[in-house]
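For reference, chains read A, B, C, D, E and F in written order, and residue numbers begin at 1 within each chain.
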Amino acid sequence: MKLIKSIVRPHKVDDVREALERLSIAGMTVTDVRGHGRQKGHTAVYRGKEYSVSLLPKVEIEVVVPDAVVDEVIEAVMAAARTGEIGDGRVFVLPVEHSYNIRTGEREAT
Amino acid sequence: MKLIKSIVRPHKVDDVREALERLSIAGMTVTDVRGHGRQKGHTAVYRGKEYSVSLLPKVEIEVVVPDAVVDEVIEAVMAAARTGEIGDGRVFVLPVEHSYNIRTGEREAT
Amino acid sequence: MKLIKSIVRPHKVDDVREALERLSIAGMTVTDVRGHGRQKGHTAVYRGKEYSVSLLPKVEIEVVVPDAVVDEVIEAVMAAARTGEIGDGRVFVLPVEHSYNIRTGEREAT
Amino acid sequence: MNRARIASVTKTVAAAALFVVTAPAIAGAQTAAPPAINQADTAWMLVATALVLLMTPALAFFYGGLVRSKNALNTMMMSFVSLGFVGVLWAVVGYTLAFSTGGAWVGDLSKVFLRGVGLEPQGTIPHILFMAYQGTFAIITAALISGAIVERMRFSVYVTFISLWALLVYSPVAHWVWGGGWLAKMGALDFAGGTVVHVNAAAGALVAAIVLGKRQEYPSPSLLPHSVPLTLLGAGLLWFGWFGFNAGSALGATPIAGLAFVTTMFAPAATLMAWTFLDALRSRKPTAVGAATAIVVGLVAVTPAAGFISPMSAIALGAIAAVPSYLAMMVRVKTTLDDSLDVVAAHGVGGTVGALLTGVFADKALNGLADGALFGNPKQLVIQVTAIAAVAAYSGVVSFILLKIISLVTPLRTTAEDETTGLDLSLHGEEAYLHEG
Amino acid sequence: MNRARIASVTKTVAAAALFVVTAPAIAGAQTAAPPAINQADTAWMLVATALVLLMTPALAFFYGGLVRSKNALNTMMMSFVSLGFVGVLWAVVGYTLAFSTGGAWVGDLSKVFLRGVGLEPQGTIPHILFMAYQGTFAIITAALISGAIVERMRFSVYVTFISLWALLVYSPVAHWVWGGGWLAKMGALDFAGGTVVHVNAAAGALVAAIVLGKRQEYPSPSLLPHSVPLTLLGAGLLWFGWFGFNAGSALGATPIAGLAFVTTMFAPAATLMAWTFLDALRSRKPTAVGAATAIVVGLVAVTPAAGFISPMSAIALGAIAAVPSYLAMMVRVKTTLDDSLDVVAAHGVGGTVGALLTGVFADKALNGLADGALFGNPKQLVIQVTAIAAVAAYSGVVSFILLKIISLVTPLRTTAEDETTGLDLSLHGEEAYLHEG
Amino acid sequence: MNRARIASVTKTVAAAALFVVTAPAIAGAQTAAPPAINQADTAWMLVATALVLLMTPALAFFYGGLVRSKNALNTMMMSFVSLGFVGVLWAVVGYTLAFSTGGAWVGDLSKVFLRGVGLEPQGTIPHILFMAYQGTFAIITAALISGAIVERMRFSVYVTFISLWALLVYSPVAHWVWGGGWLAKMGALDFAGGTVVHVNAAAGALVAAIVLGKRQEYPSPSLLPHSVPLTLLGAGLLWFGWFGFNAGSALGATPIAGLAFVTTMFAPAATLMAWTFLDALRSRKPTAVGAATAIVVGLVAVTPAAGFISPMSAIALGAIAAVPSYLAMMVRVKTTLDDSLDVVAAHGVGGTVGALLTGVFADKALNGLADGALFGNPKQLVIQVTAIAAVAAYSGVVSFILLKIISLVTPLRTTAEDETTGLDLSLHGEEAYLHEG
């Protein structure tokens, strides 16, 4: 099993979720994060001073999937999250040794 | 070492924390997340329209532990987080290559 | 490639970001988390009752880097995040199998 | 006591107090002149009515900040909805039940649908304005109850309950004390509603909390305020509105209104000071929730006394009142009584202490009406006790009966699942906050 | 109608209503006595003006809570900035355009830079106070428009637009109805601005929403309120301020002010009640946003009627007004018209319904001025329709021309990128919230 | 100047201004009639006092929004606690020190514990009401100081400091200017407290910021507002309350109250307009924090001038006042002076500019009292400068001494660790927000 950890633009979350559902992947966990990268930040102002906001709002979507479907999931996520502009984000693939369902207490088949 | 990444119901966090402390595992990192899965969402209303809230509040608890205790930790977390209803969540086990303590700067023994 | 997952004190985030930029590492993802560990919590009061706040605000900084630079990144992060007091946090190193850039759709070289 | 009486009385005082009062309306009041509108009194009562109306949204913020975010909207709706339901019902029938002549126990139906309530003077202000002013009291009194039952009650049941409560409990009790009923005749002193409003609501709240039962997690340290700033906003607006509540109860821009205003400013100040010390004593941590609570407790306590006692007595009253309410909250959390936002400790205990101290500090030289124990009239204390006991008993019993009847038709509580999910999403289909960042 | 006229008229009523009115100012008003300051009227109008001024920040909270957090400050600034620009322009030239004698269509420049506007009486209050009171109406009317165009308009363009709009649309229309213009002469009834304020603003808002076009994501379920408590705060403060808006329009602490106050309390109460039922009917979920919206709709609807109808009629009016606005919102979301915060449904539909029902429920026995259809004067309805149509048409056309002219000089909308980022950061260089925990 | 004097003077004006003033009280004031309660004045002053009291919670929101969320409650408590401590102390001894006859420097103890302060008239309102009204000024003046020292001061020390400051600094200074003291005799013009309140508080704030030292992270871009909407709420409520502050300083519902009201509406409007342009000029980004700040600066600047200048002069004054305060903020951040929320730039600079411009724009034809330089009385400017300098010097010195004495007994600052943790949790045992989602 793999953990597919995608960092995307906030307004792309719904698209990604739908894309995953189309692959009948129901389970996912979403986290509000802030990201720094090539994308330029903004200049903000507070009373006397100007400062730069370099951490931009992003959303992290974590999905654990069987090895078999990893590639199509990655494709789906990237297609749904892409705008073509700098700041689209990343997809990271991490190995997962086991996955358990708390309700049933069972280890899930890979 | 392993990273035990558990997604649980918000009101179960305290129970899980206590369960872990009973195993004298002090360290843990907690994140507010929203999850999507088999658990059905809610219908919400805003003025003219109805819409469905499919991302439900969950909490992610991350604990890095030596391989030796992985199984008992997983058991403890699942027992503490279980309600038996759909939506209880998942526990994922990921490999960790190293762990460092920032204060001491030392790499921690596995 | 490795995922370097660092949990640090909130007011150390800027220092860490700058330290990473000095290593010309632009990309990072930051999450507000709450942490529990050796660091003692606070006693809080609400009307009739006292209770203890044991989950303290921390920030998690995730950076995915090529294996080659892992060690210097870890050093840099720890140096920037260290206060020497209990509560400085942890750095975890996890294996990453692949990394994709959503904008280009390409898998990034290790 | 009948406020119409106060209104005129205060004027006698005014004159008695040996200075020239110039507005003809007042001179008029002395002689057998026909009732007349006094524009200055009207100006003040327009403002006072608006101020008291603002207290209900203010209560929504005060209560709303103290609950968890997943129940914030439900809690605020419990106050807002009273503006609609209790407001309309007041005009339709509540007013006549409370303020038409009727008998010792309740008014008659002579003014149902506001029949005969027009622009003519009631006291020295337009009758409809008097009716509206009294209506704002009914609205907030009903809403006060919600503090005891947040985070678990079905909304439709709540609306039904407070609507009936306003008519069957508030209106009669208001009649007893302000509508010329038996407590008025007995000479009970309740300037702005320590008994009619606060003891009355607290008794209903206590019963409701018991009948409804505690929240799933109660008592758990996780039941904490989600936004203390929202609660502080509520406290600030409540204080502001309370000037209309207390000083408006003089029903005119009279010296007694000035007195009621000043005591309403200094009593809570003293409570806030005392509460800060109590917090510091206990945990070395003066809390913001404590400050907000202290302000409300002080306001509650001075409500029955506002136009009867001196400013320095108000400071004493405010400081004294802090202690029993503070202790009541410490005791409550050790019980299984989930009076979630301490309506009993703040309004029940605070209102009782205030009503009793009114019987102690009342000073006829000032109010021209009655002395308290301190000024040689201990009998007043007995009357005060009677009023408190009667109102608490009546409100408690009728509230109990109402809830039991409703529970025969439909469950009072939400499902455990909805309670876990949070009432905002499950009952109202909304989330209070949405930070997509 | 000319409010100065109301002011005196209401006094005739007062007397007519067969009770002694004592303040000499009023007696004075009957005879040919010179104009005179009445201190009680002044006291009330000081307060009323402050109350109406508070409505603009209140609107900022009401609107601000309904947008996404990344546009919260931009939305609130759209209201606040009106206090500055429209406020100053009103003193400089807006007031004279609206309230100097002039002709049927617009005032002259005799009072430009407040020439001749001093402490002398206008009606029974200082002239400058009358000017300031009217100014608070211009400020909020312009700000109301912003609700239709949030989350996408360039700020500088918005400021330019509402500044011109206030002078070229609001001032003339105010002159027509309150400045002795043609609609006043025709006898149109608009006590506090159902047509002048709400229909007027809604027409401008509709046009602006169309010219500007919809937001990128519209219609998408993700366009949700970021803070409903903030919206409830706005609704609470709007109601509070609206007492100054409606009861203040009597221009004195008169019985008619009392009447306007009471209808302003009970009409929204009825709307809130009706809206709760409509919500429950539709989705079994009475919403908090619905409650806040209902309050505003009820206030809008009673605005033209406030001093003309009875409290019971106000309850009917409030309840009736809930339905068309509720339906309008359900229809709007099915269209591509991105009137983002439903200015048309709330102020346009609500204001129209209110203005029409004024022509139905007006009761001369109460207001001493005019009867509505229900009291045997159907002609009034025709006048009301004329006024609504004329104002809507004029405002719509001029708003369209203004926006088109501006768009020749500079784009009206922000870039798509700024819209995605959020206007707070991109246009104002700020973030509304920052919880570093 | 002595407000009692203003009160009567304004009435002379009223008459002088050649129109009939009808309320007998006023006629009375002309003759040697005994002092008398004027009900209309009383009605207005009841409201004005409530409005000023509301300003202290409003300040809590204004300041609270500007700090980081971990210090939000501590910052708000700094304002709220003043309502308790300074409030009670004012009644006990502050009032007599400020407003009893006494000498040139301070009042005597004749009215300690409010001895002899009852329902009798003071001017044309009940004496207790006058006392309470003045008390609300003492409360907010002390609270204003907190803006300079947020996020690092020990709470107990803060409470001790402002309590002593209110008695040893505010009361004497109020006596100088309003209590018939030396500045009053010299003819200094300070209608509502530009010098007594704002310059006074700013001098104390400056000293406190210096003695206390800067926050650990200062200057760092991470010291940002955690909730701008909360700050906008504060600004909105401050403006609303300020009408009581300025127009209430006429001590009655007089034409001068109308004048003060109108200048208080238009001066901040002009400042807001000017500030928007300054922001746009500098960074093309008109900020919401800037708008909130501008409103306060404009209100501060017009405070000393409110009842003395014309509305058009108020617009000029408001616009002019924007510049120095704006620049002062740009300079401050370049220094190591951690006047965290710019009390000096907003209240010190703003109050000074306002007091000077009062000496320029004052128009005797309007205020019936004194002319400014523009109307041929340059001497007034000299008097204004004297007053500003004297108050600033006295306040600065005594504040310094007070803090030094306290620091001998106990440390002024929290520990570095508590500062890092945040004062809400470490000093008050609370968290402002808790979103368990």
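To be clear about the criterion, contacts are C-beta pairs under 8 Å (C-beta built on N, C-alpha and C of every residue); 3 or more make two chains touch, one makes a residue touch a chain.
Fair warning: this is a prediction, and the values are worked out from it, not measured in the lab.
Engineer: From subunit A, count the fewest steps through touching chains until subunit E is reached.
Structural biologist: 1
Engineer: Which other chains touch subunit C while also touching subunit E?
Structural biologist: Touches both subunit C and subunit E: A, B, D, F.
Engineer: Given that subunit A and subunit B are copies and touch, would you call their interface same or different according to whether over half of its residue numbers are shared?
Structural biologist: Here the answer is different, because the shared fraction of interface numbers falls below one half.
Engineer: Please state whether C-D or B-D has more C-beta contact pairs across its interface.
Structural biologist: Between the chain pairs C-D and B-D, C-D carries more contacts.
Engineer: What's the distance between the Cα centroids of subunit A and subunit C, rounded to whole Å?
Structural biologist: Here subunit A and subunit C have centroids separated by 18 Å.
Engineer: Rounded to the nearest whole Å, what is the centre-to-centre distance of subunit E and subunit F, using the mean of the C-alpha atoms as each centre?
Structural biologist: 32
Engineer: Using mean CA coordinates as chain centres, what's the gap between subunit A and subunit F in Å?
Structural biologist: The computed centroid separation for subunit A versus subunit F comes out at 51 Å.
Engineer: Considering subunit F alone, which of its residues make contact with at least two other chains?
Structural biologist: 23-25, 38-40, 43-44, 47, 222, 224-225, 227, 233, 283, 285, 287, 289, 428-431, 433, 435-437
Engineer: Among the residues of subunit B, pick out those that touch two or more other chains and give their numbers.
Structural biologist: Residues 31-32, 34, 43, 45-46, 50, 94-95.
Engineer: Looking at the complex, which residues from subunit F come into contact with subunit C?
Structural biologist: Where subunit F meets subunit C, its residues are 217, 220, 222, 420-421, 425-426, 428-431.
Engineer: Given the complex with subunit C, which residues does subunit D contribute to the contact?
Structural biologist: 219, 221, 224-225, 279, 282-283, 285, 287, 289-290, 293, 329-334, 342
Engineer: Within the complex, which stretch of subunit B touches subunit D?
Structural biologist: 9, 11, 14, 42-46, 50, 53
Engineer: Which of the residues in subunit A end up touching subunit B in this complex?
Structural biologist: Per the stated touch rule, the residues are 3, 17, 26-31, 64, 94-103, 105.
Engineer: Along subunit B, where are the residues that touch subunit A in the complex?
Structural biologist: Per the stated touch rule, the residues are 2, 6-8, 31-38, 54-55, 58, 60, 74, 77-78, 81-95.
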